[in-house]
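Just passing along the structure, written as structure tokens.
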Amino acid sequence: MNAPMQPGYNFAYLDEQTKRMIRRALLKAVAIPGYQVPFGSREMPLPYGWGTGGIQVTASVIGKNDVLKVIDQGADDTTNAVNIRSFFRKVAGVATTEKTRAATLIQTRHRIPETPLAEGQTLVFQVPIPEPLRWLEPRETETRTMHALSEYGVMHVKLYEDIVRHGRIATTYDYPVIVNGHYLMRPSPIPKFDNPKLHRNPALMLFGAGREKRVYAVPPYTDVRSLDFEDHPFSIERWEAPCALCGASDAYLDEIILDDAGGHMFVCSDTEYCADRQAAGHKGEMAA
Amino acid sequence: MKPTKPLLQVRDLAKRYGNRIGCEQVSFDLYPGEVLCIAGESGSGKSTLLNTLAFQLKPDAGSVHYDIDGLGMTDLASLPDARLRELWRTDWGFVRQNPRDGLRMRVSAGANIGERLMAVGSRHYGSIREVALDWLRRVEIDEKRLDDAPSAFSGGMQQRLQIARNLVTEPRLVFMDEPTAGLDVSVQARFLDLLRRLASELHIAVILVTHDLAVARLLAHRLIVMRHGRIVETGLTDQLLDDPQHPYTQLLVSSVLVA
Amino acid sequence: MYVAVKGGERAIAQSHELLSQARRGDPSVPELSIAQIRSQMRLAVARVMSEGSLYDEELAALAIKQAAGDLIEAIFLLRAYRTTLPRLADSLPLDTARMRIERRISAAFKDLPGGQVLGPTYDYTQRLLDFSLLEEGAPAAPTQMPNAAPISAPRVSDVLSQQGLLEQSRQSAAASPPADLTRDPILFPAERATRLQNLARGDEGFLLAMGYSTQRGYSTTHPFAGEIRFGAVPVEVFIDELGFAIEVGEVELTECQLINDFEGSATQAPHFTRGYGLAFGHAERKAMAMALCDRALRAAELGESTEQPANNEEFVLSHSDNVEASGFVQHLKLPHYVDFQTNLELLRRLRAEWETAHAARVQPAGHDPAGGAASPDTAALHPGYAEEIAE
């Protein structure tokens, strides 16, 4: 059901010229997978760092018939997700949902839903720092050249050094990937657990960095490879126990502290996935 | 015995800073495996010349041609940035006076040596370490230091590590900017010895800038003396040092003898 | 049974209610009016207009009221409003030589055409708290200025340029209007016009610190305050239908021209160069800090050393914006459960490995209580290293 729209604003807040400008940038991004396209990021009524890039991307691609899902840390009910969802209800009047399958457009911060995405769906990531080489080379003029020439040796130096110090690659989120065999890309701070979902995903994945004024994209079915060494292959997190609520053993789990005596439990970070499984009769050891 | 084909050809090279001359009217040929020293006091333009030869600074006039594998003698000014940068990290090396400029001080010695390998596509951690270990041995650094950061190394070890880091891709030409300037005299001798041995074993051409004629005497086949951005005298090292023609060279040589 | 935290929506609504109460404060104290803020906190209004990039005293005052005096929040409010406004026309370039001067000083010349005009300034106040202001209804200052005649004067920089001693400002090619940072992203290297735009919107505190650093030796410029002027400047818009420009109003501006040495080059004789600062309203600190930063960012263009932070274009321009900085610093308040979890998981594993290695290190070889083989030394020294050697 569509919500009533806030009067006095254009559909989805941004004016049509701005949407066109962002859509042009997105088209370029789709055409060059993983390449960071500069765009005229607008000042949004939400603070920088709180999803202004994702919001602008969503606002420029959303239509009246879209069904929007917003998650933060995998959950639909965290305050920032609630806030962004209510923003779009107000300024676009679109229907919203918590169901991954029912959504046509999903804006996310820090997770990719556990429920596999399908063709026709669009996933919009909020990106704090788009440049994967930023901590190795602070100069934008230099990193642009490095991308153009695929000069990514220094990124492997970092991974090498991880193994020297920790015996393994110690990057755990925002784990760098090579898109379509060329561009090095930050997948935004998703856990590396989610990296394999980027590879040949049937959904369109758009990335928006508002403060840094960049958009980039991974089109459907694009190769996305996580950096690694032949003898230290990329691997993802595993938990010893399944989700305490729904028993899932294939999901990313959050740790919940239960008391001040070290008591804790692990539950799905994707709240919708967890609730769905529980409704279907799956039970973890702490479920009622 | 000289090979007929030069590796590097420099013609009328000039670099200016505003109205100040960095270097000008510099011409010479460098042959494969040849060690050439550029000597002069500080401010004589020799470091500017070195950076301009390596195209780290763009010259204001003149040309540098390099014999690129598969391309032959190529005007560096005509080379796209991508190819130039490829030269920098594969077929050329650059050893800096201050190891801070030539090394990544906060990553391990192994990573410093391995960087060029990874840049050209090595993706096997174990074999990168093997090669790095081998190079530590060749530059006489204890293998146990493989995982230590160069910030914990002595000055001599840092310079030797710079050598290893550059030579790991077996370049044909290495630029060196006063590599011994920060070293104690006792350490210098060992370093120069190592350098001479590696350059001859691997048949590497070296262009080395120094203010120290003793360094030139030990290492160089040929010597260029610079003053105020220009070449004042050039020739075979022993000849030039034993029988300097230009008054400035005579002054330099005599000041070394006095000291 | 664990129940996931729900009800974010209600919590947010209640937070808004509390915020509104906190902003209003004690209801027995009369509410601030926009007119009061506008006329009695004019310097705060000026800063919000400058860094908010919108000349509207009333809206700036409203933003200050709504933000409970948090000027960066007020700037953010004004910017978020500004971004929704349609562009009706571009004004002609403002001509600050036509300024109706309220204050004008030069530290480079003792006397000059138009004279030194001290005007309203805190410069020569003795910073003693004026307890009479504690009393409300203190007598208002006389409304009649001692010399009310409007002053206009040529700019010091123009006088110097005419003699060829000061560089001419390079005109942007008429065909390419300056970039608009609020429409297009900044790309490096940036043109001076773009840099100035960034600095004009930049945080006063940040520019002040960067400018200050250049004076303390973290740069090589030696500035003189050629001129600082404050007053109203007419705004003109060219109307196509009329075929001429008409004045649509006035804005108050503070302009600062710093004069710096330049030793000359092969193509240019030695001359003075300038650093330029401009701000809405009365904002001398901002305009001067901006001028210092502008000059420091020209180091590369003038062939000077560019080693210091203030010379680093990407560093200065990428960190000057307080709305961007404030948002990103404060986004750390947003949940980071997922990334934190990944780090927590890694840390636990590394600690477990460290404990094992540590135990092996303390335990003499051959006395492993678990009965296993003692780790080789290399493993003890470096967890995760043994397997590599073994291969």
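Letters A, B and C mark the chains in the order given here, with residues in each chain numbered from 1 onward.
In this section, a residue touches a chain if its C-beta (ideal position, glycine included) is under 8 Å from a C-beta of that chain, and two chains touch if they have at least 3 such contacts.
Only a predicted model underlies this, so the values are computations on that prediction, with no experimental measurement involved.
Student: Measuring from the mean of all protein Cα atoms shown, which chain centre lies nearest?
Tutor: C
Student: With respect to inter-chain C-beta contacts, which pair, B-C or A-C, contains the greater number?
Tutor: The comparison resolves to A-C.
Student: What whole-number Å value describes the gap between the mean CA coordinates of chain A and chain B?
Tutor: About 47 Å separates the centre of chain A from that of chain B.
Student: How big is the gap, in whole Å, between where the Cα atoms of chain B centre and where those of chain C centre?
Tutor: Chain centres of chain B and chain C, defined by C-alpha means, are spaced 44 Å apart.
Student: List the centre-to-centre spacing of chain A and chain C in whole Å, with centres computed as mean CA coordinates.
Tutor: Centre-to-centre distance between chain A and chain C: 31 Å.
Student: Where in chain A do residues touch at least two different other chains?
Tutor: 163-164, 231
Student: Of all residues in chain C, which are in touch with two or more distinct other chains?
Tutor: 382, 385, 391
Student: Which chain B residues sit where two or more other chains touch them?
Tutor: As it turns out, chain B has residues touching two or more other chains at 125-126, 147.
Student: Which residues of chain B touch chain A in the complex?
Tutor: Residues 81-82, 85, 89, 104, 107-108, 110-111, 114-116, 118-120, 123-126, 128, 147 of chain B touch chain A in their complex.
Student: Considering only the defined contacts, which chain A positions touch chain B in the complex?
Tutor: Going by the criterion above, the answer is residues 145, 148-149, 151-154, 156-158, 160-161, 163-165, 228-232.
Student: Could you list, by residue number, the parts of chain B that touch chain C in their complex?
Tutor: For this pair, the touching residues of chain B are 16-19, 125-126, 129, 147.
Student: In the complex of these two chains, what residues of chain C are touching chain A?
Tutor: Chain C residues touching chain A: 1-2, 4-9, 11-12, 76, 79-80, 82-84, 86, 182-189, 314-315, 318, 323-324, 326-331, 334-339, 341-346, 350, 353, 382-385, 387, 391.
Student: Per the contact definition, I'd like the list of chain A residues that touch chain C in the complex.
Tutor: Touching chain C: residues 9, 15, 38-45, 47-50, 52, 72-75, 77-83, 86, 109-111, 128, 138-141, 163-164, 166-168, 170, 172-174, 189-193, 211, 213-214, 231, 237, 244-245, 252-256, 258, 265, 267, 269, 271, 286-288 of chain A.
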